[in-house]
Each structure stands twice: as C-alpha cells, then as structure tokens.
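Shared chain: subunit A. Partners: subunit B in the first complex, subunit C in the second.
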Partner chain A sequence: MTAVPTARREALHFALRNGKLLAGLVVVGVFLIAAVAGPLIIDYGPNDYVGPAASPPSGEFWFGTTTFGQDVLAQFVYGLRATFLVGILGGGLAAVIGMVVGFTAGYRGGLVDEVLNMITNIVLVLPALVVLLIINAYLGVRSIGLQALFIGLTSWPWAARAIRAQTFSLRSRDFVDLARLSGVRTAKIIRREIAPNMSSYLFMTFILLFGGSVLIAASLDFIGLGPTEGVSLGLMLNNSARWSALQLGMWWWFIPPGAGITAIVGALYVMNVGLDEVFNPKLREM
Partner chain B sequence: MRRYFGRKLLIYGLTFFVAVTINWSIPRFMPGDPVQSMLSRANISQPEAVEAMRVHYTNLFGLDLPLWKQYLNFWGALLKGDLGISIWLFPTPVTDVIVRAVPYTLALLIPAILLSWVAGNRFGAFAARRTWLDNTVLPVGYVLTATPYMWLAILLAWALGIVAGIFPVAGAYSFAMEPSWSPAFLASLAQHWFLPFASLFLVAFGGWAIGMRNMIIYELEADYVHYLEALGASRRLVRRYAFRNAILPQITGLALQLGVLVAGALVTEIVFSYPGLGHLILQAIQNQDFFLLQGTFLFVVIGVLIANFVIDIVYVLVDPRTRTGMGGAA
Partner chain C sequence: MAEDVLLRLDRVSKVYKVGAFGGRELAAVSDVGFEVRRGEVVSLIGESGSGKSTLARMILRLTSVSGGTITFDGTDVSTLGRSYYRQVQGVFQDPFSSFNPIFPADRVLTMIRDQFFPRAAGWSERVAAALEDVRLDPGQVLGKYPHQLSGGQLQRLLIARALLLDIRLLVADEITSMLDASTRIDVLNLLADLKARGLGVLFVTHDLSLGTYVSDRTVVLRQGRVVESGPTTQIFERPEHPYTRNLLASVPRLGAKWADEAAPTGLPDGTPVVTADGTGNATGNVATHVTEEKA
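Presenting the complex of A and B:
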C-alpha cells in the first residue's frame, strides 16, 4: 500500500517544480475562470446590441464592439465556454472511443485486432475536417454538443493506435499473466491492471485530443458550419471575416478569438510536455 | 514488401469505398425529401436550371429504385467522372470546376508541406538539448502549432497586407490581369501566393520542429548513442545517427498530419479568397451547392490517399527494415 502514495508524492514533487506544467496550468486556469465567471458578471447576452457600432477598445467596452454594436468581450467569454465545452466533450468522446478500441485491439489481438486495426486505419486516413464538412452541411449542426459529438466520432483513430501499441507491450507482463491465471475477467484486467499503468499516457492523450477538437471546431465555425445557436470563438472569426473587419481595420474583433484559442491550445501542449517530464524521469532536465 | 504494399492498398481502397458510401448515404439521412429541399434551398431563378437539376437529382438519387440499385447507379456515375452539375456556376460540370481549382491548392500545399517538414525537422534537431535554443525558441514552436490556421492567415493579411500594404490580400492574381505566361502576371501570381503559403508554412513548421526535438531527445537516451559516446564518437556523428532514426516517425507523422494540413490549406484559402478547393467549399456552402461540396470531398479524399501512398513508398526507400521484410514501423 505504501508504493502508490510514494509514487504519487514523487510525481507531485516533480509536478510542482516543473515550470512548463505550472505555466500551462496557469494560462488554462485563467481562461477557465474567465469562461466560468465572465458570463456571470456581464449582465447582457453576447449577441445583444449594447454599444456604439465599431468602436475600438475603451474603458466601457474593454475589447471594443462589433459592426453591430455587440460587446466583443461578452462574445469572447461566452465563446470561451463553447471552446472548453467542445474540447471536453469532443476530446472526451474521442478518448473514450480510442481507449475502447485501443484496449480491445491491443489486449485481445488476433482477428479482433485485425478488424479493429483496419477500421482504425480507414478512419485515420479519411481527412476528418472534410468528412465533418459534409456531415455538417447536410445535417446542419445546431448545438455545440452535436458538433462535439461529430468531432469525437471522427478524431479518435490516432489515440486508438497509440493506446493499442501501449497495451500490446503491457499485456505479456507478469502481473497481467498473474491476474489472468487467477481468473480475473478481461474487462477487469484492462481496468485494474493495464489502464492504471498507463494512466499518465491516457491523460496526455486526452489533452492532445482536447486541443485537436478545439482547433477542428474553430475551423468548422470559421467556414460557416458552426452551431447555429450560441457563440464560439470560431464563429467570432467567421463573423469578423464576413463583415470585413480586416478591411475596416477592426483588429479588436478578430484578434481576441484567435488569441484565445492559441493561448489555450498552446498552454495545453506545453502542459503536456511538462507532464511528460514529470512522468518520464529520462526527460527531466538535470 | 509485396505484403506491405498489398495491405496499404487494401486500406486505401476500403477508405475510398467508405468515402463514396458516406457521400452516397448522408443526403439520404437528411430529413424530408432531399430533392425538393435541395431545389428550394438552391433558390435558382432560371426555370431550365431547376428542371435540369430536378432531372439530375432524380436520376442520381433514383429514389423510386431499390436501395442497392441506387447505390450501384451512384458508383456508375462516379466512375464515368460524373459528379453532377454545379449550382453556383451553373451549368458547369462539378468535375470541371474542381479541376480548375486543384492547381491552386496544390501550389500552396505541396511547397508548404515539403518545406515546413524539411526546415522544421532540421531546426528541431538542431534545437534539441541546446539549452538556450530549447528554452527560447521552442515555446514559439508550441504557440505556432497551436495557432488556428485561419487566424495566422488573418493576422498576416492584416499586418503585411492591409497595414503595411506589402502584399495583396485577395485572389490568386491581380484582378486587372488576364492569365498568361507574361512575367508581370507570374510576378502577380507569386505575390498573391506568398502570404497564404507563409501562414501554412509557419503553423506546420512549429509542429515539425517540436516533434523532431522530442524525438531527438528520446534518441539521445538510446543505447546505441551511449555506445557511440563510449567509443568516443564526436557529438556531430552521434547527432547524425540520432537524426536518421528520428526521421522515421516524422515520416509517419507526415502521413498522420495530412488531413490537418489539407484542412489548414482550405481555411487559409478562404481567408485570402484564394481560388482553390477551400474557396470552392465556401462557395458551395454559401450557395447550397451540394454537388460541388460532395465532389470536392471526393477529390480531397483521393488526394490524401495518393499522398499517403507516396509517403509509404518513401518510407520503404528510407527504412531498410521494411524492404527486407524485417518489420519496422510499417
């Protein structure tokens, strides 16, 4: 029983001293707070016409207003919510599918592995965004949840492949054999013996899937296939491009949404490197 | 090796089959009568256009036929190169519209992919384990690779195009010119090409540099490196071996990233109104031109499959293990 807490304490020890991890956490945390608290503080909706049209940032409207007099800051904080939502739901779903497929294929092997591997490779080769374009254009996507669902369904393959490879290397270890000999069921072996041994890897996979979902959602929104209800950072970019913010020099309209996405996704990637260093002693800087 | 290519080709064949099936089935999942709703959504004033479309849709969907027959008919039309007629540019066939746009997309994508891959790998390998470079330049790499393609495109267009006025921000050549091989036209072409290329290049560059840096760090911990160091091999030599080993996952990574890169090119084209496939997709969506959208989808899928196959061949050329059938990361 003592082994687990010490291992955890050691990870925590290095985590608290890892600059990359902490910096990433701080950035993501700040945006998360803005996403949660922002809409509570601002007492009008993101699409309400509240101010003078096309005014640059000022004391009253920190991020300025759009061509129609909407508050860019209000859109930004509501858009952040959409970004986090799409990342958690889309990335989460992709992680779950990737784990189910990866564990099953890697642990079972044989024909099951062949079939799952074939499916994984097919979905992997299909360019996800273009498939999503077709789906969204025909079926129409109203909510962020639905958008996340489709993103999750198309972006799992690389995760499945990576998890399969990891499972493959774990399944012939002694402790797994022992569990199998004691008659533990397959699902339980995967849950209790294999998954915990790659939990850090799984978490990092989720982070990358989260970032990927956010970027794909932003592209879809920008092309004009975003959720028709609500706001998102991608939709802000779409609107600013559609109403010529570029030509009119309204930089305050198109800089915040892109900067928000870049900061969140970039911080997640940096966090990922930090986590890698925490869990993998070889990578720690001496 | 035959088995290796056989497997790959089987997967690509199946992928194409799945793509066509998606293309066929999604309109059928659409709620309501697809022909009617497309006709009303298309919102065309010319009566002959509406009639031609109705005939074409009905032929294509053949909704009174049994499903398997509809499906076979769809393949039949596809194999004849018939992707329908564009609504946006009525009455041009979709295939013609796409073939005209493809060169622009390729002219952006191929140089951007190859140059960013080569430069990113070299740079990443150079920065690995060199403390000051690692700590100052690599954060920039992370920011670049986290940047949405269209946002960097917008920033470049705004900063270098509109504020500084150095580069044009729309189209593939000056609207005042006719396409020709004159030097003035080629110069205009290059001028319009540069910004979209640069934004694609930069985002992709960040990703490759980081990937390579991480690979090299792993490689420098490998046994063969310690062995070489123990033998007293020079740092340069060790790094060269590490680079050659680290390049293999980066080739696989290129295959994995193709979809993302193509998506990046599509949105970048939209920002710059660059007349490639991305621009077509935007027009198709805005004009409810579903034939054009589906045709573009198929073209992109075919392009990605061909590129994947090329990468497979390169992998075999680079990695001797796959050639001799000893496995490797095939």
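Presenting the complex of A and C:
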C-alpha cells in the first residue's frame, strides 16, 4: 500500500507553496531578527544623546536622529522589541483566556455556558480602548508588561465566542463519547480530542490577537498613555508628533515606526489568509 | 435466574427542557423497564425518535437519567465510578464519527491501555488476540488512519476495543445501519460470538429483520414507551400490539414488489403504514385494535 500523506504532512506541503504565508513569514521574520539582533549590535541605548540634532539619514545614523540627537534606528530596534513583547504577551494572554472560556462554555453547555456567555458578551461590548484609557490614566500603568496584561484582559471575547462555537459542534461527535466511555477526564478530552481538531483555528486566532494587541498598544502609546520607561514604536510616533516632526519635515522620525507597525500587522494578516488556504482545502489555489 | 440479570432498567424516564428558559418539557423516554441477562441478546426496536438511542446513552451514562433507576449487577450505575466502563461498553452508529479523524484508528486501543492498564505487560499480544476475535488482520488495521479503513473494519475495531476490557455488557447502538449489506452480516455474527462468550448484548436497531436475526428477546419502543416486549419468536409470530403488527407488516419482503401490495394506510396519528399482508388482514386487525384502544 502506498503511503497516503497524513493531514499534517499535507498541511506542510501546502504551507511551503503558499506565497502569502511565506511572504508574511519573511516580513515578520526580518523584523524579529532586527528586534533580537539590533540592540546587540548598536552599543548605545535608545534614549542616549549620541549624534547631531535633527539630522537626516546618513552613513553614520542610517535612520537619522531626533530633535535631541537620539538615534532613530536604535529607538526603532528597541521599539520593535516592545512591539513583539506586547503582541506575544497580550495576544497570548487573550488567546489563553479565550480558549479556557470558549472550551469550557462549548463543552459544558447549559448553565455554565449561559454564565460564561454573559460575561463574554459584557466584555465584548465594552469599548476596550476607552476602558484601557481609564485604567491607564487612573492606575498610571507605566510598563510594557502591564500594558500587555490589560490589552490581553480586554481583547479575548471574540476568540472565546469563536472557539465556543467550534467546540459546540465537535463535542457532539461520537469520538468524544468514546473517550468518555474510556474514562478520559473532561480536561483531557478537550486537550487531546477536541483541540487538535481545531489547531489551525487556534493558531490563526493567536495571530489575529497578536496583530490586534500591537495595534491597540500603538494607539495607546500615540495618545500618550504608553509606558513611561523604555521605548516602543507607538511612543516614537507620539514623540515625533509632540515635537512637530511632521511640520518640521523630519520624515525619518515617524516613517520607520509607522511603517514598522503597518508592515508587521499587515504581514500577520496576510499570513492569516495564507494559513486559511493551507488548512482549508476549498480555498487552495490549484 | 435473577442472578443472571446484568442490566435492569426500572421505570426509567428522560425529560428534556425545551424552549426559552426551559419552559416546556419534552418526554423522550417514559417509564421504560426491561432486563438484559448474561449470554443474551436483547434488541431494542423502534422508529426514529422513539427514544432508543436516548436509552442507550443513559445506560452508557452519556446522558443523565431524569427518573427511575438503571442497575448493573444489582448496583445503581450512577454510583459506580470509572470501573463501570470496564464492564459495560458501547459501539455507535457512525464508525467514521467514532474515530478522531486526525489520529491513527488504533488510538482507540491505546487509549484503553493508557486509561485502564498503564503498566500492562504483553499489550501488543492482547491487541492481536482481540483483533483476532473480531477477525481483523492486525497488519491491515494497525497504524492506519480512519479514512483508510472501511466502515466494517472500523466497527470491528471498536468491538475489539470493548473486548480488551473483558466487558460483560455491550450496548450496540445501530452499529450496522451505516454498513453495506455484505459487511453487515459479519458484524452481526460477531455479536453471536459475544453472546456465546456469555456477554449480554443490547442491540439497538430500527431494522426488524436484523432484530429477529440476532436477538433472544425483543423490546419494541414507540414514542418513549415500551409497546411490547418478550421473546423474539413470540413477538414476531404472535405480536399483540397493533403497532408491532404494523411494524412487522411494513417490512418489505424479499421478492415482493410494492405494486402487488395492498394500498398503504395509516395509524390514527398519521403514522404511515404499509401492509405487506396480501390478504389485507393486517389492515383489518389494526382497525379493530385501534377502536379497542380508543374505547
């Protein structure tokens, strides 16, 4: 008998041929390398006054300098770190909460589902940005980790709803009953029987939450509610706006962070579309 | 005889709450009682929606019981822990839904080892023996994905899974309805083997001819209630309830054409009935019984 490709091998086969997925991966990968390696190569901090004030990109300072003579490239690579950190922590936390709530509500059903659904809907209709504004202003949240925490705690509802719906349809399958007849405990049934059937879905959920967290963090930073210590792409935009970089024609100050955020989030969304094609045979380009 | 009784259902009922805020109640099963003894095949026969699958799920503890008791070996099954599943197992209707599509099919066997015999020695020999019992070639099924196996192979794999546990009662819920005719008989004959080993089998089906073929006793279910129960031969030769007679009459006979049969008629509640009796006696009998029932 010839070896029929398994689902996993088949997914890999299509993943390696999917242009959207590969292009997205390359873009995110390049920024990730810059975030990891950049600060190791540049031997001064992002807020150190190292060069001439307000000078355009040159051989010495590739991305130019700010009004105060800080290196924009140094700020950019350190800022990328903050962006990835917020994406991973915020998106990861939201994904975990969404999965716990979604799996529990979808599998248990009944009263548990009603209560969790109610909580989910309440958080869903809260204008997350406004809540974050209040929390940030009131508590004076001033570190990247805490910012990621609050973003994670407010952006999970749609993920929970989507996972709940998927779980609902999977739990009525006979293999779930068979696992119950084998004495497998509920948590293990969810982990070993239901979750693997929607692994692609969970992966895409995380990617979307990652992109969403990056955008929310950038918005908060831009309107001046970002972390007080450290640097992020949103804070760079905020600073450039505060010191009238646009009016002064200092394009090198705000273009890199703006383009960076756009490229990362855009690449993640393109990756998501590509993954959709990999996992869903109906969408594959033949 | 009493100590031979494996499973006993006593006035078992299941009520579902439906509608907004669970305002209305829907009785899926009402006051059902029957027994399954050691070395006996009991068929539970009923049309769609008669509550037979709900009963099977309640016996397997997959659905809660609203009223009455289900006892196994004299003990209420709700008080038994995980050990219940070492003695009672089930096989379901759709073999392709019974297997998690992204894992090899023999994972159902590994799961039994992980859950019940984590340190069993000679596991592969036991698997080989169980597969032999259901006439499967280990080389043909082990390591294969569900979509690479036939429905018959999958159902037999599930019976082998139950045999690994040394069960005493098998609940077979419509296990042959998705198999084609040629593999159906193999699976049915397996049930006869199980019976010869002294197992009790509850054979849930909507197909009367399959019921007659395998079972010693028959329970006929309609709208959640037992209509008639007793030895299979008696039920099929001298059915007492009009519904059973209609059910028997509605089985198409081998070699008979529908055009030659009497005109279809119906029960008072609109259930369509086809009388296969050429003399038209069945129709007459139904009519008298229905009037008696109403009186």
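The rule is simple: the second predicted complex is superposed on the first by the 281 of 286 C-alpha atoms of A that agree within 3 Å, B and C clash if a C-alpha of one lies under 4 Å from a C-alpha of the other, contacts with A are read in each partner's own complex, and residues count from 1 in each chain.
As a working rule, contacts are C-beta pairs under 8 Å (C-beta built on N, C-alpha and C of every residue); 3 or more make two chains touch, one makes a residue touch a chain.
Worth saying up front: this structure is predicted, and the values here are computed from it rather than measured.
Peer 1: Put the two structures on top of each other at subunit A: do subunit B and subunit C fit, or clash?
Peer 2: With subunit A aligned, subunit B clears subunit C, so fit.
Peer 1: Tell me the contact category for A:130 with respect to subunit B and subunit C: first, second, both or neither.
Peer 2: first
Peer 1: Looking at A:184 after the superposition, I want to know if it touches subunit B, subunit C, both of them or none. Which is it: first, second, both, neither?
Peer 2: Second partner only, subunit C.
Peer 1: Touch test for A:52: subunit B only (first), subunit C only (second), both, or neither?
Peer 2: The answer is neither, since A:52 touches no partner chain.
Peer 1: Return, as a multiple of 10 degrees, the angle whose vertex is the Cα centre of subunit A and whose sides reach the Cα centres of subunit B and subunit C.
Peer 2: 100
Peer 1: Examine A:29 and indicate which partner it touches, taking first as subunit B and second as subunit C; both and neither are also allowed.
Peer 2: The answer is neither, since A:29 touches no partner chain.
Peer 1: Taking the superposition as given, does A:145 touch the first partner, subunit B, the second, subunit C, both, or neither?
Peer 2: Neither partner.
Peer 1: On subunit A, which partner's contacts cover more residues, subunit B's or subunit C's?
Peer 2: B
Peer 1: With the two complexes superposed on chain A, say which partner A:173 touches: subunit B (first), subunit C (second), both, or neither.
Peer 2: second
Peer 1: For A:197, using the defined touch cut-off, is the partner it touches subunit B, subunit C, both, or neither? Pick first, second, both or neither.
Peer 2: second
Peer 1: Closest pair of CA atoms, one in subunit B and one in subunit C, after superposing: how far apart in Å?
Peer 2: It comes out at 8 Å between the closest C-alpha atoms.
Peer 1: Give me the intersection of subunit A's contacts with subunit B and its contacts with subunit C, in residue numbers.
Peer 2: none
Peer 1: List the residues on subunit A that touch subunit B in their complex, please.
Peer 2: The touching residues are 118, 121-122, 124-131, 133-135, 137-139, 158, 211, 215-216, 218-219, 222-225, 234, 237, 240-241, 246-247, 249, 251, 254-255, 257-259, 261-266, 268-270, 273, 282-283.
Peer 1: Note which residues of subunit A are touching subunit C in the complex, please.
Peer 2: Going by the criterion above, the answer is residues 4, 6-8, 173-175, 177-184, 193, 196-197.
Peer 1: Quick check: in the complex, which residue numbers of subunit B touch subunit A?
Peer 2: Listed in rising order, the residues are 11-12, 14-15, 18-19, 22-23, 26-27, 29-30, 139, 142-143, 145-152, 154-155, 157-158, 162-163, 169, 210, 214, 217-218, 221, 256, 258-260, 262-263, 266-267, 270-271, 281-282, 284-286, 290, 293-294, 296-297, 300-301, 304-305, 308.
Peer 1: Which residues, counting only subunit C, touch subunit A once they are in their complex?
Peer 2: Those in contact with subunit A are residues 57, 60, 62, 82, 85, 89-90, 92-94, 97-103, 108, 111-112, 115-116, 145, 148, 158.
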